[in-house]
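See below for the structure under consideration.
Here the chain labels run A, B, C and D in written order, and each chain numbers its own residues starting at 1.
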């Protein structure tokens, strides 16, 4: 059977199934099995693409090339590990009385549907469907964020819904404008929103319209990426949702939104004067980086802090893609991968830590390394990795971004330096006492799932020291496609 | 070496260290196994590394490419003479410290020995990789691994808040420094992302960019080495770490920063501009003066040594500055002299500072006390440590015939020739700097006397000190090893410099070997015997001979009778140990003379105090001048920026709206 | 190493050992005369040494092995210093062992040992003395080195033999820098040798003493060696000053005749120098310890001025 | 502009103008039920505009689009909103954060800005409805403004939906609608979103005893 169809069908079907049986004791296992199936299908699809090159599906509506297949496999992988992590995590939440059975059902089904929407958004060739999938992803995650039904979580979900809804409406306006521009070249046939067609004629697209369109798309999807000053929903949603949701929001959803921007940037680059789109992205990237770094120093809630850290990294990645060129694009893609893996690992560790200490306030979390050395080390190493310490892979991409910026955008260096320094001081200064020191915490009935944490960190460590050649080729090809 | 190159063996050694560390992790709580087997194993590897470094000096450059690293940029490794010098240093100093550590950690009072063993050996391995790295990425990875592993070592005893804070400060400054280094590499990058050093050597840069690269490197490596004003982590981190770790950091790790600075300034950047030298010289002098003054007023023995390390790094930076100035004016023979001083002082400092830190470790183990005010008279229960520490302080004070003097002497010789510089005011001002260098050296003597006199001499300030015990056999072996290095470096400078010559030849194309070879091996005369010479062996032997002869003569001509009695003390009734100078009292002249240099909070007892006490707290001006304003500024900015997240959804929507409008109206192409 | 060199060396050492206490005695005598006191015998230091050598050593209970070793080390250092300073001839086998910088180092080594020995017993005075000695040391050393720097620039060498040779056998050129250096050197010598106005070798007044405070606990042969070493130090400094600023008459090389002629000249110069020292000590008052930095600071400034004068006026660019 | 504008274009322009007018009316409206009515009216105008375009060009998918608009925007959503307003018992005044005259002034400036931005693009359009692109943008902006100035959660949602109307108008006016699959997807999203929101309102009221968004300002950093 077609790997692609399998990959989309498994989460859709299992999502529907879990709506019915999601409260059973074995439902978490089903969740894991479904995610595993999705992952295996994604691996199969990847192998197929690597072997045979890009392909279409459902006519020309879906298109898988080396750029998105990389995101697909990453998404499926993090989806799998998060589902593993969420098993014991959600059991603990249930035992603590924070979640009822219907909510568990809702969680699992929405989780699978969320995976489906993201995979659909990544693989679609139609920019309209991309928009639809993104909106659907928002809707599913709104329900996930408000899962606890506490005032705070409702408030967070409401803000998330409204801000992202408005943002995505702007993206729709951008899409309409893009269609408008494309229609003039490709005609009113249904393929005027198909990326593969658009990219062939990108040089002929009307610059005036494309500029407007890109602005709308950037602001729209940028809201979802968390670019400052459009980021305000992000820390609230991350902090108030269940931790597995924070992990996938940070690790995956932001990537998917950025992916959407990248696809649009390729078109805008073709139509617009040299570097216009890039400069917009550089501006947003730097501003985001700086703002997020300063936000970090004032955080009290651990998940909120790492949410800001995600914003910061999204800023850095946007900056990298804004610079463009093979090295910076490569670095951007690498950084996205590393950030996904590391940040989700951090959220896993944070999830267990907050459960053990029964608080998200950092000043009340102390001595994790005594409560559970693995969680403590996981959080410590994850934090160091996300802060760009070698030998972890985040450093590899930061290395390329910084050296490249030094060469081509030296004026940005002070900003980068300031932001990275402030971020380091803020995050590390807060995590260190959480991990070290003495503690007063208790044991939990369900043993935490530590494997995902160290699996991710192990991967990040490996990629910092050694990137397998096929991965390199793949990255290079993707970077080349981005121009 | 037939089949395997020296470089391959060194890579194997790094791996061996890593494996040793991993064994430590798996050994977990088996203290005996870790301390009794793994650390000695690490020491053996260290000796191997040292010998390989020695072997590589003067040998042709070797290169290797590993299969790991970034795509298109596998790890490039290279062993040339400069790395060989520092490899030698790492191997031999590391071996001594490891031997000592075997005894130090055997007592089992260190929490988490397994991870510690891992971090320790990763630390060693990553330092080796720093020295061997031949591309920016490999260098940075090794560099940050070094920072990270040493950070974990510093925070070994993380129960204490101040230790955590020290570790945090250390890692923060190390990280910022690393970014600066990275940017320096970014400037030097050739073409489109050619990060290996071979490419950087060939890149032609404009003077502005070259200077930017140099200044970034100076800042980055300076942060690691502890140059003012980036030194603040050092006096916090070194005391916090277990003593073998402090020794390793002070003795070896700081030198990797010097290595990096030399690598960038003389190897990667192939042009030199004279004012770089002035910058390095001035910063070095400031660092040295600052370090030594603060070192004299410390009350914590490890902080005292930490500040003394700052001082020594300052002196090394002065020598680097001098080298740069000479090199920029093409006076390469003199540049070689100054560079020899740099390398020699690195070696010497590695030996004696490790030795002294390890001695504090033994004192700490024996007394559980770091504060000088609660020590004293330890020469009686701990004669081994005390006598070996004496070698350390003589070298540390820069006195003949031990190692510290040789490099100072070379440095001053370098200064003596600076009036020959073809620059109108440089040739006048630079010699005056020499006077400050001497002031620093003399003050270092003050600090060392304070350190030694208060810890080991006098009466015991606390009764519990009677129960102190001397260092165990492993510890003794480590101390003896380092003391031996200190003595050998002190008395055989010519032999050592002939070895180092390969490195100066490589960097400057000039060296001291030609002149030295014409003279005896016991004599050090860098230019010619008429101009300046120094024969430490003669000094040592003649003092020793006089000592023995006079003792023998006095005893044979007169007698050797000894009686014991209470001290005379000018006829006063003999007071207890509290009549001695405290650590604070001893440094009172310094505080008084250099008052503006210190930020002091003093409390004087009033006449009617029921319980009068005197206290003085000396703090670093730089905290108040540099760091706190920055912290406050950052705090203020973040307070401003945090207002963005005010909680009102309408305001959030407005941001989005305004962004959109701005982009639509202003930012259209 | 020539025969006459070896001879000169041996002779210089022997002369130092013999003359040093005599010089101290001579200074003491001159002081007494100048102060209208009855002078002690010229050979008093020798009697003192003999008496001390014969006495038992009384050690404090708390004295350590370092305390017992220090006098010998200090004595060794001072003797080595005397062997290095070109007193009679510039052709000394020991001269290459240490140049001017190393000589400062050797004095420093002795200083450290005496300061440590002072702290060893753990009395209030001992550590007080040690601290003050180190204070004087770190103030004096830079000034001394600046003096040497000025001279080294004239001679293009730091080797004492070469410096003296250059200065002694040159055409008569007036070096203004030498005047500055000479005054600075005098200041430093006074401080280094525990002389008025920095210290008073003849007092045990608690608040003022430096050198004496450190050696309070020494007795018997140890004290003898220390006293001997102190007079050797004075001798070394005197000879150094004479050799650097009044170098005439020092034998140039392997010339036995010149060597023979150098001895009476040296004696004469020492006698005059000793008298001048006594005069200085008589007309000055001991200053407070915290005036010492000003005093030595002046010396340092003078030395730097000498250096600058040298660079400004005498070097042809 | 062309001298002879076809009737259909005139009609579409007229409907667009009415939509804009209704957007202003919504901005000024204080009563919740009237707001929903106005929203339904706006949807109806959109339906008429789309229908006119469909009739004029004869493109089949525009008919579907018009039908969809009618179903969703004129019938389904207003109905849901009515029910919500009733069940949640939201009476009377809708309080604005900024007073209404100021809002209107800002709105007028926005319309000018929107026309200005859309002008160069409209000239490129070859459809009969090109002039409406500026109006669509203005409607989006006004809806945005309404969301910023309103304090009740439900009026924010109405603003959000009104923004969707603007987008649909843009799609219709500039390009005669998006591809069918996309339009269906968008419609589905909007509908599902509305249902989720409905559920949400009840939860919010349970937790906060009010639908006033001023209660939802707890999550902040300063």
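Following the convention adopted for this analysis, a contact is a pair of C-beta atoms (placed from the backbone, for glycine too) under 8 Å apart; a residue touches a chain by one contact, two chains touch by 3 or more.
Every value quoted in this text rests on a predicted model; they were computed, and no experiment measured them.
S.K.: Let me spell it out: compute each chain's centre from its C-alpha atoms, then which one is farthest from subunit A's centre?
M.R.: Taking each chain's C-alpha mean as its centre, the farthest from subunit A is C.
S.K.: For the interfaces B-D and A-D, which has the higher count of C-beta pairs in contact?
M.R.: Looking at B-D and A-D side by side, A-D shows more C-beta contacts.
S.K.: Can you compute the centre-to-centre distance for subunit B and subunit D, using the mean CA position of each chain? Integer Å is fine.
M.R.: Inter-chain centre distance comes to 69 Å.
S.K.: I'd like to verify one number: the distance from the centre of subunit A to the centre of subunit C, where each centre is the average of its C-alpha atoms, in whole angstrom.
M.R.: 77
S.K.: Rounded to the nearest whole Å, what is the centre-to-centre distance of subunit A and subunit D, using the mean of the C-alpha atoms as each centre?
M.R.: Centre separation, subunit A to subunit D: 31 Å.
S.K.: What is the distance, in whole Å, between the centres of subunit B and subunit C, each centre taken as the mean of its C-alpha atoms?
M.R.: Centre-to-centre distance between subunit B and subunit C: 35 Å.
S.K.: In subunit D, which residues are in touch with two or more of the other chains?
M.R.: Where subunit D meets two or more other chains at a single residue, that happens at 117, 144, 147, 156, 213, 216-219, 221-222.
S.K.: Going by the contact rule already set, what residues in subunit B reach two or more other chains?
M.R.: Those would be 639, 642, 645, 649, 653, 664.
S.K.: Show the residues in subunit A shared as contacts by 2 or more other chains, in ascending order.
M.R.: Within subunit A, the residues that touch at least two other chains are 158-159, 162, 166, 170, 212, 235, 295, 298.
S.K.: Identify every two-chain combination in which the chains touch.
M.R.: A-B, A-D, B-C, B-D
S.K.: Note which residues of subunit B are touching subunit A in the complex, please.
M.R.: By the definition above, subunit B touches subunit A via 67-72, 136-137, 140-141, 143-145, 147-148, 155, 158-159, 161, 164, 167-168, 171-172, 175-176, 179-180, 182-183, 185-187, 189, 192-193, 195, 634-635, 637-639, 641-642, 644-645, 649, 652-653, 655-656, 659-660, 663-664, 667-669.
S.K.: Per the contact definition, I'd like the list of subunit C residues that touch subunit B in the complex.
M.R.: Contact set of subunit C toward subunit B: 53-54, 56-62, 64-66, 69, 72-73, 75-77, 79-80, 83, 94, 96-99, 101-102, 104-106, 108-109, 111-112, 115-116, 119-128, 130-132, 134-135, 137-143, 145-146, 149, 152-153, 156-159, 162, 204, 206, 216-217, 220-221, 224-225, 289-290, 293, 300, 303-304, 307-308, 311-312, 315, 317.
S.K.: Would you pull the subunit A residues touching subunit D in the complex into a rising list?
M.R.: 61, 126, 128-129, 131-132, 135-136, 139, 142-143, 146, 149-152, 154-159, 161-162, 165-166, 169-170, 172-173, 175-177, 179-180, 183-184, 188, 190, 192-193, 206, 208-209, 212, 235-236, 239-240, 295, 298-299, 304
S.K.: Please output the residues of subunit A touching subunit B within their complex, sorted ascending.
M.R.: 158-159, 162-163, 166-167, 170, 207, 211-212, 215-216, 218-219, 223, 228-230, 232-233, 235, 272-273, 276, 280, 291, 294-295, 297-298, 325-327, 330, 369, 384, 387-391, 395-396, 399-400, 402-407, 413, 417, 420-422, 424-425, 428-429, 432-433, 436-438, 464-467, 469, 471-472, 475-476
S.K.: For a test of understanding, state which residues of subunit D touch subunit B in their complex under the given definition.
M.R.: It comes out as residues 97, 113, 117, 141, 144-145, 147-151, 156, 213, 216-222.
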